[in-house]
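One chain, chain A, appears in both complexes that follow, with chain B as partner in the first and chain C in the second.
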Partner chain A sequence: MKQEKYEMIAKEHKAKNPKLQNAIVAFLIGGVIGMIGEGIIELLCNIFHMSRNNAGTIMIVIMIFIASLSTALGFFDKLVTKFKCGLLIPITGFAHSMTSAALDYKKEGPIYGVGANIFKLAGSVILYGIVAAWFFGMIRYLLGGRI
Partner chain B sequence: MTFTYNDVYVKDTATIAGPYEKKGPLKKYFDKTFDDLYYDEDSWEKAEIKSVKESLKLLHKKVGIKRKEVDVILGGDLLNQIAATTYGAYNFSKCFLGLYGACSTSVEAMILGSVLIDAKKVKNAIVTVSSHNMAAEKQFRNPTEYGAPKPKSATFTATGSASMLLTKEKTDIKVESSTIGQIIDLNQNNPNDMGKVMAPAAIDTIKRHLKDLNRKPDYYDLIVTGDLGLYGKEILKDYMLEEYDLDLKDNYNDCGVMLYDLKEQEECLAGGSGPVCSALVSFGYIYHEMKKKNLKRVLIVATGALFSPTMVYQKENIYSIANAISLEVV
Partner chain C sequence: MLLVNSFLFCGIVCMIAQIILDNTKLTPGHVTSMFVVFGAVLDSFSFYDKIIKVVGGGALLPITSFGHSLIHGALAKANEYGILGILMGMFDLTATGITAAIIFSFIFTLIFKPKN
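Showing the complex of A and B:
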C-alpha cells in the first residue's frame, strides 16, 4: 500500500474537532471555578473571620471534596465532556484523577488495587510538580529572594 | 491466504448486548440485553465474564446441545490474558482454544473453527467473543470515571458477548470461504483514531480476497468491516476506488457505524469497536437477515488494531490486521 496516497485520502475524511470552541469553553469554565474559589475565600474571611491564608487552605479542601464526591457519584466525567478541560486544570482535576483511579481499582484490594494505582495519573503531576518547585525555589534563592 | 470450505455450516448464534447497544438500531436482533454495565456483578471484568457465560448458556439451550457434545470453543476478548473468555468458557465444552486478534478475533475464531471442521478433526465448534466498554477503558486507557475529553475520531468499545455454533451438519447458511489477513504497518500511531489505523488492513484483506477468488465487490449482497467507524469507512471506500478501481457502493457498511444511532448517541463518537462489535452485528443482524434470505452472500471483514499501550509509549507504531469470512445462503 502507498502511505502517501493513503494519508492524502485520510486527510479528506478527518474528524473536525471544534478546537477553538473547546478552548473558549474551557477558558470560561476555568475562570468560573476560580471565581467560585475566590468567593469561598471571601465568605470565610468575612463571615468566619479567618485569615486569608487559612481561608485559602479551607477553600482548597472544599474544592477537593466537591470534585471527589462528584467523581464518586459518577457525574464529574460527564461534566468534563460538556465543560472540557476547564474543569480539569484547577485542583479539581487533580482530586478527580486520584478518586477515579481509586474507584477503578477498589476490587483489587487496598494494596495491589487502590494503593498501587491511586497515583496512576496524578503521580506525574506530583513528581514533576516537586521537581519544578525545587528548580523555581533555587532560582528564587539564587536571585536573592527570601526563603 | 484465501481458501474455500466444503462442509462447514452455521447452526445458530446467541447474542447478549449491553445498555448502549440496546439503545441502537439493531436492538431487535439481539437475544438478550442488560441495562446496568455491572450486570449484577461487582466489577466490570466479572460483568464481562457473566455475559460470556450467558451467551454460551443461551446458545447451548437454543441448539439443544449438551456441554459434552461441544468439541471445542474458540474465542477471545480484550482483557489481559483473555480472562473474560477463559473464565466464561470454563466447563462449556470438551476443549478450548484461547485466541487474541483484538477486534478481529470473531472472524479469526470462525476461520480456525471452520478449518477444524472442514479437515474433519472436530464435528462442531463454538466461536465466542466479548468486550465490555468499562473493562476495556480500564485496560487500555484511563480509569473509567476519569473524564478526559475525547476527539470525534475515537471509537467506543461495545459491551456484550456473542457466540456462534459451527457444524458439519447441513443448515441454511454455509461458511463459503475465508481470507487470513497479514499484519499491516502504515506508520499509524494515534490510539484516538483507530479507524485510520485499521482501514489499511481492511483494504488489503478485501483486495486480496476479491483477487484470489476472482470476484467483484458486487458479488456480495453485503460487505461489512468490523469497527472502522464513520471516518475509517469513508477512507476505505475512497482508497479502494482510487487505488484499485474497486467500487464499494451501497453494499458496503461498517459494523461500528451500524451498531449505534450515531446522531442520537453522541457518546459513541465515531462508532463502536471491540471484538463484540462486529460479532453483535454479524451474529445478530446479518445472521437473522440471512436466515430470512434477505441477504444471500455476505463478506465479514473483522478489523483489529493490534494496539499495545506499552509499545505506543515506547514510540512504536500501531499495527493492524483484518480477517475476512464469506457466508452464503444455500
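Showing the complex of A and C:
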C-alpha cells in the first residue's frame, strides 16, 4: 500500500475524540445509574420496610453483583469503552476492575494468578482511600471538638 | 425529588471525571484514586453527610462515597475509643462493599472463562 493512501485511510479511521460528546454521555449514564440506585433504595424502603441505611447497603451489594456478573459474562467491557466514566466512577467500576483482573489472570493459577492480581487495579483505590482517610481523620481528631 | 437529585449529582461527578480524563494524561486509575481522596477530604468536616441527606442514593454510588465511608467509620470509632479508634473503625462501613466485591468476583472467576 502506498504511503499516502495509508495515511489517508488512517486519518479517516482515527478517533475524533469528541470531548463534549464524551462528557454528555458520561453525565447521562452516570445520572441514570445514580437514579437506579435511588430507585432501588426507595423500592426496598417501601416494600420491605427497611431503614434507609440498610437499604443503601443492600443497593450497593446489588450494584456490585450486577457489575461483577456482567463483567464475567463479557459485555461490561464493551459498555465501558462506550460510556467510559459513566460506568467507571460509580461503584460498578470498582467491581468491574476486580472481576476483570481476576478473570484475565485466571490461567496463571489460583495463587500467583487470581490471588496476586485481583487487587491489581482496585488496590490503588483502597490504598489511597485508607491513607487519605487516616491522614484527614487524624487532622480532624487532633483539631478536637465534637466529631 | 431525590431521584432527580440523584440523577444530577451522580451525573455531574461522572462528567467531571470524564472531563479530567479527556483533557489530561491521567488514566482512569488516577482519576478514581483522586476521587476517593476527594471524598475523604469532603467528609473530614461532615460535608459529604449533608450531600447524602440532600441527594440520597445518588451520592452513595460514586467512588467518592468510598472515601467518605472510610473516614466516617474511622471518626465514629475515634469518638468512642480515642486515637486508636481511627485504626479500628476504618473498614466499618466499607466492609460490605469490599467483601461483596471480593466474594462475587471470586465466584464468577471460578465459574466463567475469560473472553478474548
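Methods note: the second predicted complex is superposed on the first by the 123 of 147 C-alpha atoms of A that agree within 3 Å, B and C clash if a C-alpha of one lies under 4 Å from a C-alpha of the other, contacts with A are read in each partner's own complex, and residues count from 1 in each chain.
By our rule, contacts are C-beta pairs under 8 Å (C-beta built on N, C-alpha and C of every residue); 3 or more make two chains touch, one makes a residue touch a chain.
Quantities reported herein were computed from a predicted structural model and do not represent experimental measurements.
In the superposed pair of complexes, A:G74 makes contact with chain B and with chain C alike. Within the superposed three-chain model, A:N22 lies in touch with chain B and with chain C [touch as defined at top].
Of the two partner chains placed by the overlay, chain B and chain C both lie in contact with A:K84. In the superposition on chain A, A:L121 makes contact with both chain B and chain C.
In the superposed pair of complexes, A:G109 makes contact with neither chain B nor chain C. Within the superposed three-chain model, A:K5 lies in touch with chain B and out of touch with chain C [touch as defined at top].
Set side by side, chain B and chain C differ in how many residues of chain A they touch, and the one touching more is C.
Comparing the two interfaces of chain A, the one with chain B and the one with chain C have residues 17, 22, 71-72, 74, 84-85, 88, 99, 103-104, 107, 121 in common.
Residues of chain A touching chain C in their complex: 17, 19, 22-35, 37-42, 56-57, 59-61, 63-65, 68-69, 71-74, 84-86, 88-91, 93-95, 98-99, 102-104, 106-107, 114, 118, 121-122, 124-126, 128-130, 132-134, 136-141, 147.
The touching residues of chain B, counted against chain A in their complex, run 42-43, 138, 142-149, 151-153, 184, 186-187, 193, 196, 199-200, 203-204, 230-231, 234-235, 238-239, 242-243, 267, 270. Against chain A, in their complex, chain C makes its touches with residues 2-3, 6-15, 17-19, 21-23, 28-29, 31-33, 35-37, 39-41, 44-45, 56-58, 60-63, 65-67, 70-71, 74-76, 78-79, 83, 86-87, 90, 96-98, 100-102, 104-106, 108-109, 111-115.
Put simply, chain A touches chain B in their complex at residues 1-3, 5-6, 9-10, 12-17, 22, 71-72, 74, 76-81, 84-85, 87-88, 96-97, 99-101, 103-105, 107, 120-121.
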